[in-house]
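What follows is a pair of complexes built around chain A, which joins chain B in one and chain C in the other.
Let's look at the complex of A and B:
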């Protein structure tokens, strides 16, 4: 997983999978990166081949952490069709801005 | 309407036990995804199966509590062309699975896992047990679903018809899914029946068990190998009765003595009488016989036992531990093992029954010989009565007597006791009786007769370490004299006339069969008139009562003195003696045969024949046989 801070934007990428086995680490590392108060958080899911409910839980934790800060944009980039379906099935697409580019 | 595919559903299964941690749970879902990919499941479907296994495995790890945290959950997949079934067995307290789980709010952090499983799979069930629970997740294959769509696309005239068609399609798909399992169970059942017929036909135990039947088991369980061991007759070893390949174990395994620790997997199973799975990679014992199946061998060892009685073990498995046997295969092997144990026990029981029948028949034959041994009638000479009594402690005894009339004035009496019981004793008695009757035609001298009998019987008797005690008495009825010789037998007793005591003739002599050439001294005595004479075997004096006291010669002499009064005939005395012996013995079982001959002089002349005509009337253990009424 790669976490980069570009100005106001926090970019998280190279996530192979987000599961019960690594979601705790994901939360901790992203929480730490949020201390820089970014106004945009972009999570690039283009390389994420698999995600389970724990992974969804990690995304929801990120949503809760940023919700306290008004104006922060949460963006999911290029999720695979399977993960897109997963987000829709759990209605979590309502919490994020899903962008394809 | 196109018929649904009836492609034979041959299940392929994968079963993985995993360490109860998140990383292992993740690894299992990846392995199952790869397994399904190998079976040709399209890439677009794999995500769903991986997701369901991951959710169920995570729950199995997360919710295990206490000691159960160390137990390995099991993930399984059963693949058929029409359906994929996933199973995860956990050791948690379990939960109640709602019929339908509503979509959780996006603002909640919980409840997504089961919701996802129910959304993705066609059928989800949670089977709760006392020690483990299994989440069963089924999904019809896309080919079947495509056909379901095809039904949907048929022109419909009414909504209800469309619904009916959909239901019909779903039902057919379900039937298709069940077909695989039914096929397996049907094959199992027919194999078991074949096994039953095979075992019923052979006359050997499991040594003759057809390898074909065990190969059936391999086919049914998709296993690679088997080793069938049977318990040795002494119950100390497990002997290899059959193995699928020659490189598998063939040497017997010793069962450890009580208190010793067993190490072999098969021995442990035999001792505990409980099936056990094994994986050679987890076995540290280098001497384990099942190592022969390969370094990654794994499988199931089942005891062959029924009603607590062990007859052997059967080990079945695969050479590769990454593809262990599934639960369904386990069930087939267990059923097969139980069935084989029952059949083997039944076969053993049948053999024992046949053996008992043979023994019973042998005894019957020996008893018939014994019947022939005792004279059907005893000689009847004017003025004298002769009666004999016989009772055997077992079915066949070695005691017998005989009496031969030598004209109208003399008798040759013989009483003998063949050491031993059963058919050999009865055969020697028959031979001796025949020889005596032959020899008596040439000589009536008791000493000579015993010497001749000893010479003729010595070789046979000594070759089987047997001997015979016997007494031969020549009675001159006219002169009231007797001459007797004894081959180690009990002394004869007689009551002299006008005497208040009983005389004993203590003649010395070796039993027949001890030395090849033996002289037998004789004694002569005047028995007076009326004559009263008793020949007997030691079974009379050795009769014991409840207090353990022997009847003894002293009691016998007293009885003879008191009872053998002039005017009392031989038959009456015989009855009285039989009653006396039974009275003394009471309920104590007989330990030795009893035989005796009584000769009395009856001034009143010959008594009329008894109501039975002097023939044998019965022969039962514990009851006297009275072959003659003189």
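Let's look at the complex of A and C:
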């Protein structure tokens, strides 16, 4: 996983999978990076092949954390078709701005 | 009168439909595909039906038996390659003998549902779903006694339980022994096959849910074919194996029972689906625990 801060944008990418095995670390590292007060958080899911409910829970935690900070935009970039299906199944696509670039 | 059915072999466009057995035995609105054709041909006057199966002939034979269920004589013929209609005619009725149903009902390639020749089933998942929706009103044959039309466009199995606050929007089909919990939305254009469990707050629209499938609470199955833990978006053909059982999973445990005759010769493999009540109990317990947990963040 790669976390980069570009100006006011916090970019998280190279996530191969988000499961019970790594979701806690993902959540902690992104929460720590949020202390830099970015105005945009972008999670690139183009390489994510597998996600389970723990991964969805980590995304939801991030959603709540950014919702507390008014004005912070949270985006999911280019989710794979499988992840898109999982987001739709759990109705979580309603929470996030999903962007394809 | 005689008739011959040609079962479809594997179709690369719809691999998931044949994951648990040949396409001829795929469940469609409460019965398997080949059974719908037998019922149709029987209604047209067939008394002897030959079935040519190039994929899973044993499973087809196990599904249809000897035809006693329909009052006809059925023979299942195994072959290596799915024959065309012309090849089947030259092999099984080369002289054009009398005593066969009139064309086109004499030799029928099972590429569509009875009465819907313009709606091919196996060209894509989208075509399969469209064909099922179009055929829904025609599925209510006189032999169908366990499903009734509760109101126009809404069919419900007589042994199904639908919560009073569940919303069934026409057209939709709720098969036999289905459980639809409170505050769910089923339809429009939804098919729940037999023994499906849809938990509270779930939504099933523009979708087909296969038999013995658990749809978890608050989940949304849209534009999809859901069978067991497989979820296929019929618009894009994208497929997903859902990792968490409390979202979407199979309630059936397929038990392969090898059967032999009295001389010890194998009669093939018979598949039997058993509803796994233990799994339902475990899932419900997990869901109850989950609802009491604090979400992180």
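Odds and ends about this structure:
Following the convention adopted for this analysis, the second predicted complex is superposed on the first by the 101 of 101 C-alpha atoms of A that agree within 3 Å, B and C clash if a C-alpha of one lies under 4 Å from a C-alpha of the other, contacts with A are read in each partner's own complex, and residues count from 1 in each chain.
As a convention for this text, contacts are C-beta pairs under 8 Å (C-beta built on N, C-alpha and C of every residue); 3 or more make two chains touch, one makes a residue touch a chain.
Only a predicted model underlies this, so the values are computations on that prediction, with no experimental measurement involved.
On the superposed chain A, the positions of chain B and chain C overlap enough to count as a clash. By the document's definition of touching, of the two partners only chain C reaches A:27; chain B does not. Of the two partner chains, chain C is the only one touched by A:65; chain B is not. When the two structures are aligned on the shared chain, A:88 is found in touch with chain C, with no touch to chain B.
Of the two partner chains, chain B and chain C are each touched by A:52. Contacts of A:13 after superposition on the shared chain: neither chain B nor chain C is touched. Steric collision with chain C, judged by C-alpha atoms after aligning on chain A, is confined to one stretch of chain B among 60-68, 114-122 or 204-212, namely 114-122.
Of the residues of chain A, those at positions 19, 50, 52-53, 57, 60-61, 82, 86, 89-91 touch chain B in one of the two structures and chain C in the other. Per the touch definition, chain B reaches chain A in the complex via residues 22-23, 25-26, 44, 47, 50-51, 54-55, 58, 61-62, 103-106, 109, 112-113, 115-116, 119. Taken together, the chain A residues at the contact with chain B in this complex read 19-21, 50, 52-54, 56-57, 60-61, 82, 86, 89-92, 94-95. Of all the residues in chain A, the ones that touch chain C in their complex are 19, 27, 50-53, 57-58, 60-65, 81-82, 84-86, 88-91. Per the touch definition, chain C reaches chain A in the complex via residues 218-222, 224, 231, 233, 236, 238-240, 242-244, 246-248, 295-297.
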